[in-house]
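Here it is: the structure, laid out below.
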Amino acid sequence: MDIKNLLQEDIGLFDLTTIGLEIGEKKGLMSFSTKDECVISGIKYVKQILEYLSIEHSVFVKDGEKVEAKTLLIQCKANADVLHKAWKISQNLLEYLSGISTYTNTFITKAKNINPHIEIATTRKNFPNTKELMTYAVVCGGGTIHRLGLYDSILVFGNHLEFLKDPNELKTKFQALKNKFLEKRVAVEVDDLTQANFFASLGADILQCEKMSFDELRECVKLKEKFPYMKISATGGINIENIEQYAKTGVDFIVTSSPYHAKPADIKVKMEAL
Amino acid sequence: MDIKNLLQEDIGLFDLTTIGLEIGEKKGLMSFSTKDECVISGIKYVKQILEYLSIEHSVFVKDGEKVEAKTLLIQCKANADVLHKAWKISQNLLEYLSGISTYTNTFITKAKNINPHIEIATTRKNFPNTKELMTYAVVCGGGTIHRLGLYDSILVFGNHLEFLKDPNELKTKFQALKNKFLEKRVAVEVDDLTQANFFASLGADILQCEKMSFDELRECVKLKEKFPYMKISATGGINIENIEQYAKTGVDFIVTSSPYHAKPADIKVKMEAL
Amino acid sequence: MDIKNLLQEDIGLFDLTTIGLEIGEKKGLMSFSTKDECVISGIKYVKQILEYLSIEHSVFVKDGEKVEAKTLLIQCKANADVLHKAWKISQNLLEYLSGISTYTNTFITKAKNINPHIEIATTRKNFPNTKELMTYAVVCGGGTIHRLGLYDSILVFGNHLEFLKDPNELKTKFQALKNKFLEKRVAVEVDDLTQANFFASLGADILQCEKMSFDELRECVKLKEKFPYMKISATGGINIENIEQYAKTGVDFIVTSSPYHAKPADIKVKMEAL
Amino acid sequence: MDIKNLLQEDIGLFDLTTIGLEIGEKKGLMSFSTKDECVISGIKYVKQILEYLSIEHSVFVKDGEKVEAKTLLIQCKANADVLHKAWKISQNLLEYLSGISTYTNTFITKAKNINPHIEIATTRKNFPNTKELMTYAVVCGGGTIHRLGLYDSILVFGNHLEFLKDPNELKTKFQALKNKFLEKRVAVEVDDLTQANFFASLGADILQCEKMSFDELRECVKLKEKFPYMKISATGGINIENIEQYAKTGVDFIVTSSPYHAKPADIKVKMEAL
Amino acid sequence: MDIKNLLQEDIGLFDLTTIGLEIGEKKGLMSFSTKDECVISGIKYVKQILEYLSIEHSVFVKDGEKVEAKTLLIQCKANADVLHKAWKISQNLLEYLSGISTYTNTFITKAKNINPHIEIATTRKNFPNTKELMTYAVVCGGGTIHRLGLYDSILVFGNHLEFLKDPNELKTKFQALKNKFLEKRVAVEVDDLTQANFFASLGADILQCEKMSFDELRECVKLKEKFPYMKISATGGINIENIEQYAKTGVDFIVTSSPYHAKPADIKVKMEAL
Amino acid sequence: MDIKNLLQEDIGLFDLTTIGLEIGEKKGLMSFSTKDECVISGIKYVKQILEYLSIEHSVFVKDGEKVEAKTLLIQCKANADVLHKAWKISQNLLEYLSGISTYTNTFITKAKNINPHIEIATTRKNFPNTKELMTYAVVCGGGTIHRLGLYDSILVFGNHLEFLKDPNELKTKFQALKNKFLEKRVAVEVDDLTQANFFASLGADILQCEKMSFDELRECVKLKEKFPYMKISATGGINIENIEQYAKTGVDFIVTSSPYHAKPADIKVKMEAL
């Protein structure tokens, strides 16, 4: 994360209000605290901002910690002009990231109550230019990473299969894929049981079941009896409202984008003159 | 917007799946279309991505256009490896930005049905690192910019007033602020009528009324009889559910972050071999 | 300001002279002092350079301070190789920026002696790639910012009016402009009294009077009786030679680029071995 | 030169005036022409800007060309919103750079009228962050580069000699310097004839005579009889007012910063609707 | 790859030789050809450079192609000043990258002659700042990627085990690792058979056998009978001299850095005036 | 050197192994030591990495120092997650750079044993994107810089002469080159004695003798009797195997790329839990 860019986006060349009011050199205390219970994320980046601006600070919580309403998170001292530079971007970071981590945490808690071995992994459908921040918040909330991008994992989509309509070519190329990247698991997104069976037989390491019914998912899970090394995930429209039903199907993990759209947490920022 | 960074975040050094399946040099057609009615935003950036990757393309809509469900937006031709690089980031851009512009459009339409002169302006509480994208989508939806950051506008908050507790100093400094930046309007966030009256008398150009009741807002609007040049805005918890009631109070504009949290639009991306 | 780039521009990969003379590890003291009276600017950036290079330093003045000839500004200790890296870029910063702030200060002092409420604001005609540095120096000298660029303010030029030759369209669009950006003042550059009257009637918040005679300026100032909220500025060829006459016309502020072309201040840099 | 940064500095995220007046999609013609005779510089960068913004354009002059008053330099066609983005930064580039190249050209013409072999070289005392632009303009005007920075040349200053007060050490180290960088000429800045003689004897390839009288300079030039390979330059306060006297002394070249402070040329930019 | 940086590193602000010889505007033809047989890599980047400099060009080979000595690779036309900017960095790219791809190709050919299913994967021990270029060349030569970095794969080293000396803790944590990243294979670097057995039992997906004897390797390969899904790789000092012996052990793949140190290929660059 | 980029290339967004094993917060000690005797280079950059990651560290050697096998170079303490981030890029830097500096050192030692005044200078044929690192290592080993790029030196190649086939034009332009850049030495690459004589007569300051026989080189060296200021270098296929014979020819310096291809040094990195 380029801390300088994050700041620059918000502060630009001059803080007109603080300069115009001539309060820049007054000493102040700025405190961040929660309004509601939440799982905190973003402390890591706020610390980098405070350090970049040479602001003296104390931090009372860690990313990933579940805190109560009205918990004091950070307190810092500096001249008013510097505090006003740090204020809003720090608040935005804490609000958006804690929103995601809180949502993720509820999500995984609900899921693990049903199936303690299940994992929640988020997609590469993050808001553009926020992959680092959004995935960090997911991990703070107890989730894991499905794939960061094209470069760290293998996932065969229908949009790949369009180029391999000849079944023999598909078999050959699928085998080539497996041989080429021996250190990777090969995942395939499948829409129904026929596809699931087909790719399990071809040697898929992971079946990513897209928008299947609960019954279909259970059938896919049964394939593991025959292919014990294989993992099954469910994806498509899964969120904290319906996760429990998915967890009951016995899938190994859930692939979802829903934490990225979580409502931001409410973080109060209060300044006082010293 | 740095198009190269947007892309890099998603594609990294190698597209393992496409390389492994050896389909990279096959020719393909990729089509983007809407699933539901929406106000489109993001075409501007997707075009830059397609140009950056030298992908031949046709674009059938403009940002800001309201389109029906199943409208074809963009069609493009290239080798499969290049199409797979462009796919997901383009889809993400269209989904997130069109989500924001559609929400903003509904928001302003509801508001203008009550008061044709009202404007909807969004805050600087965007997701970190997305100011350009999120504000662009707001403008595509018919909204306007409240302030980009500290550098383009003046807005006095309670966190400034903490450093000016002596009323005489406050008056003097407020006048200094007005004199220093003669080309700017001076806005003040006020919580109640007393504050509103006080800053109106001091010469505030804009009163930003934070979380006031509808009655209080109406009283603030009445202040314009005495201070005809002054503008009144309402802020704090305003969204498409409650906008109509706020519009009825007669405020000049609404300041809100709610479009930033809009649900992404649903954009279908289909590839075909050629 | 990217301090690393500033430095890199001057030092590159190797300091051939210092390496070749094998003096790099000798300890030295480097002192910056004024040759003539001036208003200092640039300390902010020189401190960042010294910190970036981990040079121990003491600073004896603040940006914006008026100092006498032969005033010691900064003293620093480090190995000779590091001092030679910091030397010239630090000197350049202090010389160019203090040149601008000293000029600006003379400018505004002359103007305020005539009219204590007048302000001096500088244009966006800075040397390309120096906006931050040049505007910072102007502010250190007591000036203010006219506009940073297209994004922070509204200014209608003749080059806009070329696209609105139909008077009815002009009126409609001017009103649209005012409605769209309710939080901004709308400025118009006018060349004569007819234009001034016309745009005052349309609701311009600021008339920027371009190259008008002193009599014309006085007539424009009189328009404020009818439009009390409106501000009048003068621009075009105004500098420290002629400012007093402009100040006498009663305009609210001056818009000028002349400080950007000020002669650099003379800063002496002396090294001594320790 | 990062064209994107140059532009960004001026245009930011939104052109409020053009958006507010709703003229962005009207077609326009923009023309750049000289007001006075000058030597043009900056076309190279303006072309990059026009290409970056995909503006159709015709260019009628080359950098380094001397043109008359009212010469049409560039004409371009595009939508009004794009023309307004390109306008001011292009004008600034042409005005500042042509100011420098015109000054440099006058400088060298005066010098060569006296001594056809003399060269004018500019220092590394450019405005911070403008080295590429300022040195490019100098070269367009017929000047040459003295040194770009610490990395491309060797120049021994008094601030180096402070670390070599022992004459034996100085001799040894000076020889080491010469041996280490066999492919470079070794220049030394000298203040008087004694120093000049001393370093000529040590094997200096260039004596850079700082603020010497014309008589002293002539004496230094005479040293070339004994050291035929050596070059003599003069520096310190030399500009187009006094260059002719310096040229008469017979020095090989002049080292100066004065072109960097040249008055910008006056370039007119006119838009018309199409 | 930032093409601009690649170029800038070599060309800087002025090409002194070409400017001084005044040949910059002469038209020329530049040809790249091989001196010896090799597997080509780097065409991709050279094309980007030629496009960046707007040089007209024809390319006669593809990356990954094996070509004979004296094969014409690329021919391009432009002014001499532009050709001289493109020359050396293009040559360096072709020489270094083709050196690596040729070496890799020999490596894998020798290995596959013994065992057609074996793969050659290179480590993250590339020269700093060249990961993209070096791994690209490996892939052109027929190799594959072992891991790009910490973020795309899991590999447990002795330096991790130092923190898990308690065997119970190790087992628990190893299981946690497997559960957390269900979509990744878990590799472990092992030094001897005891370790190999231990981690195979814990569920390692890949054993990376570090500097084992050929007999030990064969024993490790036998573990696959019990753990059929597991892969075995050999690493440590493997290169084209000894690869055949390693291939005979039956390991699934080789992990090596040796292609990164390959001798550059010899590419001739010839200019002619047109 | 952009330390952040160096790191990022290797670590990306998440260290999967360390996160998965849940060892990140354990305290550890990491030690770097040599396996064999070598001349160290890279400490400068490793320190920057350790500082960037806020790792407490002690450094026991300096770049350029010759150290014995099993010498402890650096020791550092931090949490395991931070140590794992720093490990491999630090090791790579030390291994590659010390490989180059050790090779360079052997090279120059052999050469100076024959001729104490000879210098070894390396070309601009570094691996793309590593100029700073590779040239730094050469200087640590006792070598010098031939030329960094086109911008810091003048070197006429055959590829320049192709544009100056008319001998009169060549003479005129060669003189122009010398006059334009009075502060630079003019080098010419020559292939045989005829060319050597020709360019010596034209006033070349340096003859760079490309792939000449030892006898030809000796003849070139004799030209210095007639042109005492001129320097002679040899280039083309010179390395530590054949340097002694070249040194015997009496040339002033050697121009070579061979140190860039040196075998990396072997640096052991050991972690221990604390």
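Order of writing sets the chain letters: A, B, C, D, E and F. Residues in each chain are counted from 1.
Just so it is clear, contacts are C-beta pairs under 8 Å (C-beta built on N, C-alpha and C of every residue); 3 or more make two chains touch, one makes a residue touch a chain.
Note that the structure is predicted; figures quoted are calculated from it, not measured.
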Reaching subunit E from subunit C through chains that touch each other, fewest steps: 2
Chain whose Cα centroid lies at the greatest distance from that of subunit F: B
Of all other chains, the one whose Cα centre sits farthest from subunit D: A
Distance between the centres, which are taken as Cα means, of subunit D and subunit B, whole angstrom: 44
Subunit B and subunit C: spacing of chain centres that average the CA atoms, whole Å: 32
Subunit E-subunit F separation of Cα centroids, rounded to whole Å: 22
Multi-chain contact sites of subunit F, meaning residues that touch two or more partners: 12-14, 19, 131, 145, 148, 151-153, 180-181, 184
Chains touching one another, given as label pairs in label order: A-B, A-C, A-E, A-F, B-C, B-D, B-E, C-D, C-F, D-E, D-F, E-F
Touch list for subunit C against partner subunit A, complex: 131-132, 135-136, 139, 145, 148
Residues of subunit F defined as touching subunit E within the complex: 1, 5-6, 9-23, 26, 28, 45, 80, 83-85, 87-89, 91-93, 95-96, 124-131, 133, 148-156, 159-160, 162-165, 173-174, 176-178, 180-181, 184, 186, 261, 263-264, 269-273
For the subunit B and subunit E complex, residues of the former touching the latter: 12-14, 19
Residue ranges of subunit A in contact with subunit E within the complex: 117, 119, 121, 144-148, 151-153, 179-185, 187, 206, 229, 231, 252-253
